[in-house]
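Two complexes follow with chain A in common, the first pairing it with chain B and the second with chain C.
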Partner chain A sequence: MTSRHILLLGPLLLLLGAAYLVPFLGVMQWSVTLPEPGLGQYRTALTDPLVLGVIWRTLRICALVTVLSVAAAYVMTLVWVRGGPVARLVVELCILIPFWISVLTRAFGWLALLSNKGLVNGWLQTLGIISEPLTLVRNEFGVVLGMVHFLVPFAVFPLASSMRAVDERVLMAARGMGASRARIFWQIFVPMTKSGILGAVLLVFVFALGFFVTPAILGGGRSVMVAELIYLRIFQSPDWGLGAAISVILMIAVGALLALMLRQTKGAAR
Partner chain B sequence: MIQLRPGPIPLILAALIAVFLLMPLIAVIPVSFTPNRYLSVPDAEWSLRHYRSLLDKPVWAEGIWLSIRIGLVASVVATALATAFALGIWMLQPRFAGLLMGLALLPMVAPPVVSALTLYFFLITLSKVNGVIAYDTWAGVALAHAVMIAPFAVVLISVALSQLDRRIDLAARSMGAGVMTRVFGVILPNIRFTLLTALFLTFVLSWEEIGVTLFITSVNAVTLPRLMWMGLRDNIDPAIAAISVVLIAIVVAVILGKTLWQLRKAK
Partner chain C sequence: MSQAAEIGATGIGKMFGQFTALADITLTIARGEFLTLLGPSGSGKTTFLNVLSGFEPPTSGRLTLDGRYMTAMPPEVRGFGMVFQGYALFPHMSVEDNIAFPLKVQGRNAAEVKRRVAEMVEMVGLGGHGHKRPAGLSGGQQQRVALARALAYEPPVLLLDEPFSALDKNLRGQMQDEMRRIHRDTGTTFVFVTHDQEEALALSSRVAIFERGRLQQLAAPREVYERPANRFVAEFLGDINILPVSGGRIEGRAVETAAPNGDLAIRPEYMALSLTEPGQGNAIAATLQDLTYLGAETRLSLQTPGGVPLVLHQPTAALPAGLAPGAAVWASWAPERGFLL
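For the complex of A and B:
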């Protein structure tokens, strides 16, 4: 350790150590000390039907959101990477504009569209299709739509790098041998971009697991997910031990998925 | 050279997804002109009252000013510390570089709610010893934001450094340049665009941060996103639609401007 090490690396590590690492270890400690020492809170977290219900709902919503987001992002990326100049530009704008707009504004946009007095219900009522407004938000449907909307742009980036790496000559060879467009896509192009799909799936799933803002606004307290449950346990009913235990479980799940992602990208680089 | 363009099916699907991505952003516009006090679509009469309330009610100007102040302080602190850290890793190649990097990126990869909890208890602890950098103060929020956004600057700057030719630095060193000259005269000028990008990105991230801010503020340090959150949770205030239109217009203008500029440059 020279003085240069301390001067350059020190400030950031000191800040993150004091403001992040130490308090995080403190939170971990509560999970085994509050209200009494032991693993009781973990037992509660993994057996209590309420907590289990929330974990199950989170996994279900995250799985659905991941499939929908990656599928939508795949189509967008395909056009972005391989489309003509105009299509390319339009898709790029459609990805970049939502990407730079905050999660709150985007969630609010869905409220404006889907709430009882929102645009969709207004149109349907004017057209006489429905007489009473449909409940489109403050439920799981709204949460899924909002989360997919947020996550599509993030899934585009890993997909784009794997699609750019596809060797055009392989596709032309298949075409030369008479393969149909559909066959080239499903049997050659998709398998060749497998690493990008896996990367996008892991990235979106990790993001979705810790989601707080979108479910809180569009779920309206009715479809609580893990992040909101932690918030409720810590701030509404002072049950710090259980909140901390669920946080640690969430952190372990995210860590495992990230390790998988890292291994996968290293494998792809080889 | 791409020879096989996407067929009609992917193009139609992409158009539908594009509508899905833009629809909620467009939907905000009519709602912002409603004459009513609740979230609704105007029928006959369009009104500017919610735009006027953005100007008349001082809370909005205060929230915007607070967010700008916090964003400037947090992005400068985060970018400065991240630059030093990334330089340290690149120049000194310390042992356990991977471990140090992992620690530096921790706030970025951890679920936001876990970070929020962690920073909440950090600021509560600080509140016991001082009143400046504490829970529900602007300096406390700026510090928490700096922690959250620094990893993004570390990533950007590390990537830029990894693409920098080490021989430039070696040449400067062999001609007798000291550390200060190497850093400020050679390395940093070579990555100046990345430094500006890092400043800009970290400012935007702080400007729109809500996941952590929600936990570490209550009534004093009400940033713009925090203010919007309060209007979204209970009775939805159409003023949120007006401010959303303004924010969306800024983003669209910047992105369109940048795209047009790139297109002209490409010609």
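For the complex of A and C:
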């Protein structure tokens, strides 16, 4: 890279530095200085049952969301890459349209559908299937549903590129040997798209870890996740040091996962 | 050893929209035979192979397997072994797992799978490579794995689609020898697609020559080469000289032929060169245009006074000294070496 290239990159580096690096260093500083210098806040973050509970819930929800999103995306991508022209178009719209709608709008949309007086409970009660409304939001169910809905399109792209790379003749070879469709799918196709699955899993999991809007709205304060906890510590209590320490822990976790993802994609490219 | 099968095709046709890929193909592939489907690209040979494998349903016609109806049978039921262009190995499996896959599909027990895999690895000369992934093997080795995988479950028929097209010339020769040996050892019916005429002549018991979706000739290699059914076959298989005969004469000179009129075809290696008019046999005067030295042989380009180009292949050692372009020469041949098209 010549010095001219670096000059062209300059504005971007400046922006990243001003908007991310400097604030992050500030947060790191808070985490070791507020309210007093030392690693006390990290000790609290890693021992306080409330914080640990939130971290555990975050990991649990993110794992569940990742499994569901990637599984749903796998089916969608399969139709997208290998289906007929009409099915392809439908899937393409299902992937594209969510990108045009803000995450906030979608979260409120789910509320309208799933709240106690929402459409779903209304229909079910009118049809006489239930007498009391089901609790579909303001709990983990709502959070998981909203997050999966948001994350499925992101999982589609790494899956699609790995599915497109599968040589049709390999599948024909398996079929010619008398293998059933199920066997070809599970023993040939899925292993051949492993790199895409890994990429999608990491992408979705990393995204999910930092989710704020969806859990905050659909969880209704009852299933707080890490990002919301950080927000509460900093904006609603004077506990900036603890909020900062949790932020740093989250940042390190995401960084480690991204490094893993990079290694995996390099491995798959070989 | 499972029984090798006989395949019958009657009036097979295949249309892709308005394009006729195959028209009225009728032939019988004998039990245990090595049949080559030969033709230029786009001639329909690969389409016919796909019809045989079951991946491409024919638009018309009927297929039989050992006399039983096979036309609508899906590929997984036909159970033919297949070797694809580019090998189509399972990239995430080791050599042994690739070969074991069809055996496991058939539900054979673990001990038998293991024994059979070891046998196949040995047969294709890949001992010591069994645990490697395909990506860690050379092209020739991958080809052997594909062959071993296709033959592991003793299919009644083995279909091969240009399996050697990605190999260099030396390796090709070596693999052709092995292919012949494996065909002999297994006794399976082989159907082999190629566009390489030498490969076709070297390997097969019979050659089926395709052109524009039609079967031009089906015969033993020697016969298609020495007695081609038509002009296309004659010209497709190597060099050939074609001289128009009318009234028992070529350019006014009386010749001995099977019929007094037609196009007389003679392979270059059956024509001899001399500086003086030969005393017996058929001959024609010509002018030497060019010589191409090919080592043991020399390729000579001639032209008759009537403007017909001729090609001769002569042993370099037997050429007259001082032969140069422009020389007046005679090309002669034994009457039985010429055939009318």
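Throughout what follows, the second predicted complex is superposed on the first by the 262 of 270 C-alpha atoms of A that agree within 3 Å, B and C clash if a C-alpha of one lies under 4 Å from a C-alpha of the other, contacts with A are read in each partner's own complex, and residues count from 1 in each chain.
The working rule: contacts are C-beta pairs under 8 Å (C-beta built on N, C-alpha and C of every residue); 3 or more make two chains touch, one makes a residue touch a chain.
Values in this document were obtained by computation on a predicted structure and should not be read as measured data.
Trainee: Based on the superposition on chain A, does the combination of chain B and chain C result in a clash or a fit?
Mentor: These partners fit in the superposed model.
Trainee: Draw lines from the C-alpha centre of chain A to the C-alpha centres of chain B and chain C: what angle do they form, to the nearest 10°?
Mentor: The vertex angle at chain A equals 90 degrees.
Trainee: Just chain B (first), just chain C (second), both, or neither: which does A:M192 touch?
Mentor: Touch partner of A:M192: chain C, not chain B.
Trainee: Which of the two partners, first being chain B and second being chain C, lies in contact with A:R175: first, second, both, or neither?
Mentor: Both partners.
Trainee: Does chain A have more residues touched by chain B or by chain C?
Mentor: Residues of chain A touched, chain B against chain C: more for B.
Trainee: Where does A:Y20 make contact in the superposed view: on chain B (first), on chain C (second), on both, or on neither?
Mentor: After superposing on A, A:Y20 lies in contact with chain B but is clear of chain C.
Trainee: For A:R183, using the defined touch cut-off, is the partner it touches chain B, chain C, both, or neither? Pick first, second, both or neither.
Mentor: second
Trainee: Using only C-alpha atoms, work out how near chain B sits to chain C after the chain A superposition, in angstrom.
Mentor: Checking C-alpha atoms only, chain B sits 8 Å from chain C at its nearest point.
Trainee: Taking the contacts chain A makes with chain B in one complex and with chain C in the other, which residues are shared?
Mentor: 172, 175
Trainee: For the complex, which residues does chain A have touching chain C?
Mentor: My answer: residues 167, 169-170, 172-180, 183, 187-188, 191-192, 194.
Trainee: Show which residues of chain B lie in contact with chain A when the two form their complex.
Mentor: 1-7, 10-11, 13-14, 17-18, 20-25, 27-28, 30-31, 38-41, 81-82, 84-85, 87-89, 91-92, 94, 100, 103-104, 106-107, 109-122, 125, 143-144, 146-147, 150, 154, 179, 204, 207-208, 210-211, 215, 225, 228-229, 232-233, 236, 240-241, 244, 247-248, 251-252, 254-256, 259
Trainee: What part of chain C is in contact with chain A in the complex they form?
Mentor: Residue list for chain C touching chain A: 53-55, 75-82, 84-86, 88-92, 101-102, 105-106, 149, 153.
Trainee: Inside the complex, what are the residues of chain A that reach chain B?
Mentor: Where chain A meets chain B, its residues are 2, 4-5, 7-9, 11-13, 15-24, 26-27, 72, 75-76, 78-79, 81-84, 87, 89-98, 100-113, 115, 117-119, 122, 149, 152, 168, 171-172, 175, 181, 184, 206, 209-210, 212-213, 216-217, 226-227, 230-231, 234-235, 243-244, 247, 250-251, 254, 258.
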